[in-house]
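Here it is, the structure in full.
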Amino acid sequence: MISVGIVGGTGYTGVELLRILLRHPDVTVTTLTSRTEAGKPIANLFPSLRGQTELTFSDLDIEELKQCDVVFFATPHGVAMKHAEALVAANTKVIDLAADFRIQNLDVFEKWYGLKHTCPELLQQSVYGLSELRREQIKHASVVGNPGCYPTTVQLGLAPLLQQAGLIVPERILIDAKSGVSGAGRKAELSLVYSENADNFKAYGVAGHRHHPEIVEALGVIAADTTASFDNIIFVPHLVPMIRGMLSTIYVDLTDKGAALDIQALYEMFYADEYFVDVMPQGSVPDTRSVRGSNMLRMSLTKIQPNKLVIVVVQDNLVKGAAGQAVQNMNIMCGLSENLGLTGIALLP
Amino acid sequence: MISVGIVGGTGYTGVELLRILLRHPDVTVTTLTSRTEAGKPIANLFPSLRGQTELTFSDLDIEELKQCDVVFFATPHGVAMKHAEALVAANTKVIDLAADFRIQNLDVFEKWYGLKHTCPELLQQSVYGLSELRREQIKHASVVGNPGCYPTTVQLGLAPLLQQAGLIVPERILIDAKSGVSGAGRKAELSLVYSENADNFKAYGVAGHRHHPEIVEALGVIAADTTASFDNIIFVPHLVPMIRGMLSTIYVDLTDKGAALDIQALYEMFYADEYFVDVMPQGSVPDTRSVRGSNMLRMSLTKIQPNKLVIVVVQDNLVKGAAGQAVQNMNIMCGLSENLGLTGIALLP
Amino acid sequence: MISVGIVGGTGYTGVELLRILLRHPDVTVTTLTSRTEAGKPIANLFPSLRGQTELTFSDLDIEELKQCDVVFFATPHGVAMKHAEALVAANTKVIDLAADFRIQNLDVFEKWYGLKHTCPELLQQSVYGLSELRREQIKHASVVGNPGCYPTTVQLGLAPLLQQAGLIVPERILIDAKSGVSGAGRKAELSLVYSENADNFKAYGVAGHRHHPEIVEALGVIAADTTASFDNIIFVPHLVPMIRGMLSTIYVDLTDKGAALDIQALYEMFYADEYFVDVMPQGSVPDTRSVRGSNMLRMSLTKIQPNKLVIVVVQDNLVKGAAGQAVQNMNIMCGLSENLGLTGIALLP
Amino acid sequence: MISVGIVGGTGYTGVELLRILLRHPDVTVTTLTSRTEAGKPIANLFPSLRGQTELTFSDLDIEELKQCDVVFFATPHGVAMKHAEALVAANTKVIDLAADFRIQNLDVFEKWYGLKHTCPELLQQSVYGLSELRREQIKHASVVGNPGCYPTTVQLGLAPLLQQAGLIVPERILIDAKSGVSGAGRKAELSLVYSENADNFKAYGVAGHRHHPEIVEALGVIAADTTASFDNIIFVPHLVPMIRGMLSTIYVDLTDKGAALDIQALYEMFYADEYFVDVMPQGSVPDTRSVRGSNMLRMSLTKIQPNKLVIVVVQDNLVKGAAGQAVQNMNIMCGLSENLGLTGIALLP
């Protein structure tokens, strides 16, 4: 059994980690921390967990965490980087669901997160945890930076077209993305209140969003063409009145070489062996409820003009976009079957 | 023109008052106060008001408010009672949308609201503003306590049966009430967050709710039988994942005398001249959307056993349950046509 | 492995059965029928099942169904009773999710469902599948009538008080029930359309609902006091703008004997060994999301007057209220561990 | 008083027309037709209209309609063109809310709507009713084709940039559009059912949507550069789990000439005198609720790169996107003040 600690269990990614890990056949969650709720059983906060666990929040105790095989940080940005070195030194693997280990460029990180990185060397050794695309490095990683939710959809949506040079025009990629409200976290903020969000739709972060630089850096790593620049891709997120679910509509300019390819076949082949990636049949498009509560990511490919492709990608932002992919990474790091504990079918309706 | 001041314009009842009053043909809103937003145009907070008003929040200035003909308090409980005497002395009429002037029994008020009443004499002279049932007193009132949202549905739902003695068993009245989330106000609280309320339903205040004593006192006033006691009526509210709307299901035990009556005819006659009360035809029941955004209250009467009656009452909690009825009261107090500015049709769908 | 057939897989209970059974360790679904979709893969209808099953709808073939160990009917009322005898004769167990085997009184059944029962003898031998309350009979049953969703909440909510005579006043039970829209099924009806139900709340079936006679009959069976009559209990359902979830608020008049008891302790003891029933701690009430997607049913007990008790019960109408309890019954009938395949944790948020 | 007839009053645009016209000071609705509901009071279908009108559905009687000053067609595509000539001959003005008079190119119309146009000459004389952009022609029109909802947002969002040549790259316009579910109409279709749409988000019509050719033709008329081609603009609509509201995110490539302009000032000036168009201040973006139930259309302009502009446009799809603009056109055609009956403030929250 793998012993697991969770730092910061009061947010939505925390409770989602528990929903998955409490049913994972090879895992025991031994420690659960919270600054604000120490001493309280987690089931008091989340009645869905009543009867499922006796876990009680404790203060963060680094010595206790060192006893764990794996520690997940479901905390605000900046917490994991304070504790990661001590844990790694104790041979404890670290998976951060915040942004501390997502971006290698320190200036970019500081600019967008307003934080000075406290362990840049460990950051360099850490692995960006897009499971399907960095599986080999994740296997040997001590620290994994779990990807942002939007960047997960974009990378998996574009990878087949980027792993050959010259198929698309990189600087013309445009991503119009939409997310359910749970992506904003569990916080007492006026902007998150029910009556402000229900029966309403809006764009946000139009002038700039933290996931833009993460996408730019990550696509650069994926791209076979090492000279390609993604700095000018466009990314505009929107907020949908639903709890869970994320859909990215990705618009791509194909080169003539790309236009000549059978894109559908390219994607189907690329993802043929992936349990969690589903390329929908031509003519269909995925909806977010088809993945609600599951770790699946589905996508469709529609050529609307000879050189124009629309890729629609959906996932559950809290599962494949956060806690699910984190557990998928844990499975890879621990040498387990990659889908262990993650085979639940989406809740529909 | 009637000059109006609004104290506390940052909540949902505040913006709803403005939505109505800015289109009221005989009103000018001259003053709008907020402790936290002074200096800011209200349209910055509520983009629905862009282009509709130049009003800017100011600090509460009692001298300025005294210039108004009518002042509405759309504030937390306990604010209106601090300023009402000064305003009344200056001949300014006061309409409080909070609870300061709803309950005559001071002990009950203190127990449920945790506040010592600061102007008990003025409270005694004030009128409880259930427009249809206290019209004559409201006409001559200086201070009106606008009813709570739930109590409005209950009083109008029961009045025809209470204004004759001996038709029902008072102590057996049972009210199972349901409200949209906007009733909880515009506050940065975790319990109000979208992802905590969407696709969810719950009871609250089961062990006791502030509107219970208000209902008990008000029904006592309505009842023809002055010996009737309503202390043991049951009232349990629930929270519905919708923004606006309130539905009360009221269960009544009819006496044999009551059972012998044509209840449908009784209600239709009782409300025949009321613009804002709609008795639905036998066999139908109202839904909340039929009154969304309007000042209408609709009800249906279904006898399910010879001595058992189910009354279903709906209203928009922010209109007839709050701001709309407040304006209706203003119209009565100022000698205007009662439905002036309040004839908008419900938004359906 | 148990081989399972599902008749009528195009509705919400059908797809929910599959969500559960495709992950059940001891089950293989071998047959899936639909009159209208024969020949189509089920994953075409429900993209959530893509990659999870190769099952294709077929026409109902009784010979094929006879090969199954268990057949579920997720069909309209009246279908299961046509085929049950043939299946039972072939030693195939039958679980009907419709009403064919819920009500023993044939006149009552005909009155409320407009159908003449075609196998009254088999009906007599069939068992009403409220798992927790009829476990021993279910073990030996050939045919189980899976309970209605509302009746499940009511029976489990009242059983501890009924299994001793004289604790409550039976004829004064009042149930104000609320359900998500999926309870109405997957049908192309105007009344079910999104824009007719979203941001809306209403009562329905006020003058009478099919689940009333089912509740009356079932409570009569549970009650220790065999002279108790439940004919006059009140049951009024409402429709909540959410997909899944059901909450029943049950109002009970305690006798003096009942009022003297520690009700909380009574319930906790009664359900101490039940995996799927959770008695919430005093002072709390359950919300529907705490059981979303799970087979749990949670309840709370609040004494609001010395002789008045409010019981709040929640479940997911499609799981414990339908497909989940059906699988629970299958587990019991087949001698499996009762919670096999049913331990998934609720999806929150 | 203007006498108005409405053909097809059972859909959402029909009831929305009535919500507006029953409060219009210069209008009397005299006739209301429906094939399926003839003889029934409209208030039976739409309880929001109870007490507001005695109107009863009648069969379509062309002689009766000829008595009207204005007839609105709130019917499926293909109905208005059958009756328009007779009405025009009788001096009755026609406003069609369907597509019969939106597209001048007959081949395009037939291809997308599957209908042969029955009065191509009248079509040529008809005016496309984008009120703000074709006001002068509308004044003198006998027949107005009310624009599609999406095209309204796109044209008003782009007009200021198109009325000078050379500011943008026409063929690179990309519109990612999102609509509430009411846009699909009031129909008994499975795809519109609550449980299929709530808590869900999807793209639709990715491979092609009827509003694309309408947008292409209409932008061609607006554009100062008569050689500009809009054939290759991209338009992808999405469905949002909300009743009302539409948001279009429009991505534009600015030329160097366009990039050198103060776009914000350009738009503010262009719309300075428009009552129903609101250019939001720089740095803000509009949300759909800010226009819920009102005839306002709001937009924001965000330059995200020197040559890249993001225009976000919102409207209520049933008001400015349908019934509201239709009444606005009626006001123009009848020489009334353009905002008469249309000054209601949005319902927020």
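Observations
Order of writing sets the chain letters: A, B, C and D. Residues in each chain are counted from 1.
Just so we're on the same page, a residue touches a chain if its C-beta (ideal position, glycine included) is under 8 Å from a C-beta of that chain, and two chains touch if they have at least 3 such contacts.
In this text, all values refer to a predicted model and were calculated from it rather than measured experimentally.
The set of chains touching subunit C and also touching subunit D is given as A, B.
Ranked by separation of Cα centres from subunit A, the top chain is B.
Averaging C-alpha coordinates per chain places the centre of subunit A 46 Å away from that of subunit B. Distance between subunit B and subunit C, defined via averaged C-alpha coordinates, is recorded as 39 Å. One simple way to say how far apart two chains are is to compare their mean CA positions; for subunit B and subunit D this gives 37 Å.
Contacts with at least two other chains are made by residues 12, 180, 182, 186, 195-196, 198-199, 241-244, 286-287, 289, 292, 349 of subunit D. Residues of subunit D touching subunit C in their complex: 12, 180-182, 186-190, 192-199, 241-243. Of all residues in subunit D, those touching subunit B in their complex are 12, 15, 18-19, 22-23, 46-52, 182, 186, 198-199, 243-244, 278, 280, 284, 286-287, 289-294, 296, 298, 318, 343-349. If you check the complex, the residues on subunit A that touch subunit D are 174, 176, 178, 180, 195-196, 198-204, 206-208, 232, 234, 236, 238, 240-245, 247, 249, 251, 283, 285-289, 292, 300, 302, 304-305, 308, 310, 312, 314, 349.
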